[in-house]
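One chain, chain A, appears in both complexes that follow, with chain B as partner in the first and chain C in the second.
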Partner chain A sequence: MRMAIQGVGVTGGFGCGVDALTSALHRGEPIVGEVDGVPAYQAAIEGLGDFVPKRALRRIDHFSKMTLFGAFMALKDTGLSDVDRSRMGVVIATGYGTLQTTFKFLDSYLDFGYACSSPTHFSNSVHNAAAAHVSMQMQATAPSLTVTQFEMSVSSALLSAQQWLAEGRVDQVLFGAVDESCEVLRYCRKEFFGDGEQGPLRPANFSEQSAIAGEGAAFFVLAAETQPAAYGYIDEVILGNHATCPVKLPISDELIVGADGHQACGQWYQEALKGREFAAYAPFYGSFPAAAGFDLAVAAVSLRDQTLYTSPGADAGGRLLPRKLDQQGLTCLKFGGGGEYGLIRCSS
Partner chain B sequence: MTALASIAITGLGCLSGAGLHVTESLENMFAGIRNPQPPTKFTTDHPVASLVLELGEGLKLPLDEQESRYSRTCQLALVAALQAITDAGWDAESLRGKRVGVCIGTTVGCALNCDEFYRAYKGDDTPDMGIMERFLRSNPADVVARHLKLDGPTQTVVNACSSGTDAIGIGAAWLRAGACDIVIAGGADELLRLTYSGFSSLMITAPEPCKPFDLHRKGLNLGEGAGMVILESESLSRDKPKKSFLQGYGSACDAYHLTAPHPEGEGLKRAIAEALSVADLAPDQIAFVNAHGTGTPDNDRVESRVLSEVFPSVPFSSTKGYTGHTLGAAGGIEAVFTIACLNRGEIPASIGFSTPDPELPVTPVRGPTPIRGDFALSESLAFGGNNSVVIFAKGDA
Partner chain C sequence: MSVKEKLKQVLIEDLNLEDVEPDEITDDMALFGEGLGLDSLDAVELVIIVQKHFGVEIKDMVESRPIFESINTLAAYIEANQP
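On to the complex of A and B.
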């Protein structure tokens, strides 16, 4: 069943809101920040106070704040800020969950003894805490689901959102992709990849490590295909493993690939694309498992504007000028390191 | 909600503190045997040690020779999955070439909770990056799919303690949508110092064997394990004996509190209503309810209120006294128990219950109890206000 994309809310390295993402796509040049002297993309949450009272945010961590910010922006974009949400499901995809709070919980007992384990940090470290905060803040009482499947998190969770709508369990789904960065993750990346992550991020150079850590939240309001779509439709979600059964790429669709400078995944893109032209936008938001949600946000904006935007970086797919979509479909392709893939087909 | 097609269940597998497979678990439960004890796999300096239910002796882990490469949660998931696959008449070879999905719920199995690594990172030692590599290899659904070389959708559900129940409901939706032909679905979770400390910090664990629904209940005992079912499409299962049918699934969010259930069980009532509607059943058609029944004051109070309202004369029990609270695995393990008991025509004593609590309008069964009817319901309540319910029909196998 097709899903109508009714609204989008994003916060990432490019800024926050659909306008910021669109501006980045028009500009074509990524803006990379820095943390501890290493290139990194960070997501802003400064505008969250416009949606949630500060008092309610006191015990909510960065991960959940990004989640709430993305979710509220998507609702606002849809014009659904003040409606009954008892038939709105919440689905969140995350590769790592809330990292900072998990380590804060470990801090509480490693520093002060087990008797001092923090109940607040523990309850907020559970993977579905962010979804719970969304449900509570929005009084969304329909089903709630959090999925973690590393690089496949977004496509896997999207499959469930699609089925909720198809089976009539909900009227709309507030669907989000969220991941955060933290000091420990940056340490691990340095240990694993050495100086390979100094930038720039070159997604089309499949054989080299050029990933730069990112974070953010990308949210969508999804509805059944009979409902109006401001950004086009998600037609089909397919998951599989290329190593077991090779992926079949739609022949006439334009391709947005989730290549993000990870050498371990590069071989799968190389093998599946077989020299075919593609676009890749990871240099706008960085490398993290839920970044597939940002690829989908770019696809949504592209369908709205009927334009496939320039991939940032001269080597990213070899496409330097924006071009009209001419009613073609758009397919987002994401690979994991073991050949697992997620294919999200979209159209106007 | 309109009624949806039921989905055939052709295989069951589970392991927990109650037993290392389905038959052993039922034997122990109907004999009233349980073995809560202080944890043996880790130490803490908690002033009051709560009890846990660990897996018994004799467990052979399928990835034993590569134990350091995968988390224990993944190993447990694989044990239960292999049991269920065998029970369904399949093997790894015969599954290849078929569209097989894997949907597994967990709570701690996907969290970056490597305290050994983090202790070294914070201190002067060099952290062992192998621990981080193991984390990156240890997505439960992915490990099961890779080990069996499957091609199909994979999903690890992290809805806290309702994860296993949700995974089964989601797997059924995959089959109805034609996303695959077979789904391995359930839950898995290991016992960890992190969860032990976390639940202790919330002051909801008991230093004695847990007593679900009892006046003197003091909290839960944690446990570990995994439970899986094999869901099959109509075309594949047509000529096979069925263990059961998944008749209904419902879920709803309280949107009330991060860790406490809604006092009137509003989300649970909506989840039950959805499951009954999807199954096209009335409450009095349910033969028994497998309650979440953790033994915490809040959970049992809310559940008892909802059960008295929706199922006033339906017998119910909690199996957490035998297994401990296995978190993301609980829904999978208890789905297996619910099906096995429905087919057996009898439910075990809700162990730990002896003294009724005047605050609870209904109480569980005290001893092994015969049940009559063709349908049974299992419910899960979770952190985040998630409530999930599955309804099973009696099988023909």
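On to the complex of A and C.
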């Protein structure tokens, strides 16, 4: 079943809101910040106070704040801020989950013993906490779910959203892709990848490590195909493994690939693309499992504008000039290190 | 730094009372309900804060109610029970 994309809300290294993402696409230049002297992408949450009173946020961690911010912006984008949300489901895809809170909880346990472990940290570290915060703050009382399947989290979670809509369990799904960065993650990445984390991020250079840690939340209001779509439709979501059953790329679609400078995934893109032209936008938001949701947000904006935007960064193979889509479909392709892939086909 | 000053500081930091300044918390202000506006979840955090930052254990939540009335009562309990 096709799903209509009715609204989009994003916060990431490029800024917050669809307008910020669109501006980044128009500029076409990589964006990267810095944390502790190391290149990194950080998501802003300052605007969340426009949607939720500050006092109500004091027990909510950074991961859930990004989640809430993305969700509220997506809802505002649809113009549905004041409607009944009793049949709106919430599905969140995340590769890492609440990293900062989980490590804070473990630290307090290790440093002071179980008696001094914060119950607030514990409750925020529960896997579905962010989805629950969204459901509570928005009174979205239909089911809520968080899906983690590392690099495949977004595709996997989209299949659940699609199923709920097909079953008629919900009228709409507030779908979000969220991941956060933290000091421990940056330390681990430095240990694993060394100078490969220094940037610049070169998604089209499949043979070298150039990933830079990122974070953010990309949200979508999804509905059944009979409903109007402001950003086009998700036609099909496919999960597979290229090693056992090679991916079949749609011949006429333009391609947005989730290549994000991870060498381990690069070989799969190289093998599957076979020299085919593609676009990649990781230099706008960085490298993290849920970044596939940001690729989908770029696809949504591209369908709205009927324009395939230039890939940021002029490295070999991946740069395209902006061009009209001519009603073509857009396919987002994301590989994991073991050849597993998620393919999301979209069209107007 | 006095126990009272430190208490105000850690309350704001650990309970994320971002909109409150230490000097806005008066020594006799009620910590729960009217006053600082803490609730039952904060009470559990407060037990942990006192143990973590001052090394003082509060074992009985019911008996602790008078202790949690204000910064004055809490600071007095800490000073009387600090190791």
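General observations
Basically, the second predicted complex is superposed on the first by the 343 of 348 C-alpha atoms of A that agree within 3 Å, B and C clash if a C-alpha of one lies under 4 Å from a C-alpha of the other, contacts with A are read in each partner's own complex, and residues count from 1 in each chain.
Throughout what follows, a residue touches a chain if its C-beta (ideal position, glycine included) is under 8 Å from a C-beta of that chain, and two chains touch if they have at least 3 such contacts.
Predicted model only: the values in this text are computed from it and were never measured.
With both complexes brought onto chain A, simultaneous placement of chain B and chain C is permitted, the two fitting side by side without a clash. Draw one line from the C-alpha centre of chain A to that of chain B and another to that of chain C; the angle between them is 70°, to the nearest 10.
By the document's definition of touching, neither partner reaches A:K274: not chain B, not chain C.
Once chain A of one complex is fitted onto chain A of the other, the partner contacts of A:R55 are limited to chain C, with no touch recorded for chain B. After superposition on the shared chain, chain A has more residues touched by B, the comparison being chain B against chain C.
In the superposed pair of complexes, A:V126 makes contact with chain B only, with no contact to chain C.
Residue contacts after overlaying the shared chain place A:F112 against chain C, while chain B stays out of touching range. The minimum CA-CA separation between chain B and chain C in the overlaid arrangement is 9 Å, rounded to the whole angstrom.
Chain A residues 108, 115, 117-119 lie at the interface with chain B in one structure and with chain C in the other. Residue ranges of chain A in contact with chain C, taken from their complex: 54-55, 58-59, 108, 112, 115-120.
Of all the residues in chain A, the ones that touch chain B in their complex are 90, 96-97, 99, 102-103, 105-110, 113-115, 117-119, 122-129, 131-133, 135-136, 138-150, 152, 156-157, 159-160, 162-164, 166-169, 184, 187-188, 191-192, 239-241, 244-245, 336, 338, 340.
Interface residues of chain B, counted against chain A in their complex, comprise 1-2, 4, 44-47, 107, 110-113, 115, 118-119, 121-122, 127, 129, 132, 136, 139, 141-142, 145-146, 149-160, 166, 170, 173-174, 176-177, 179, 194, 197-203, 251-259, 266-267, 270, 274, 382-386.
The part of chain C that touches chain A in the complex is made up of residues 14-19, 37, 41, 44-45, 48, 51-52.
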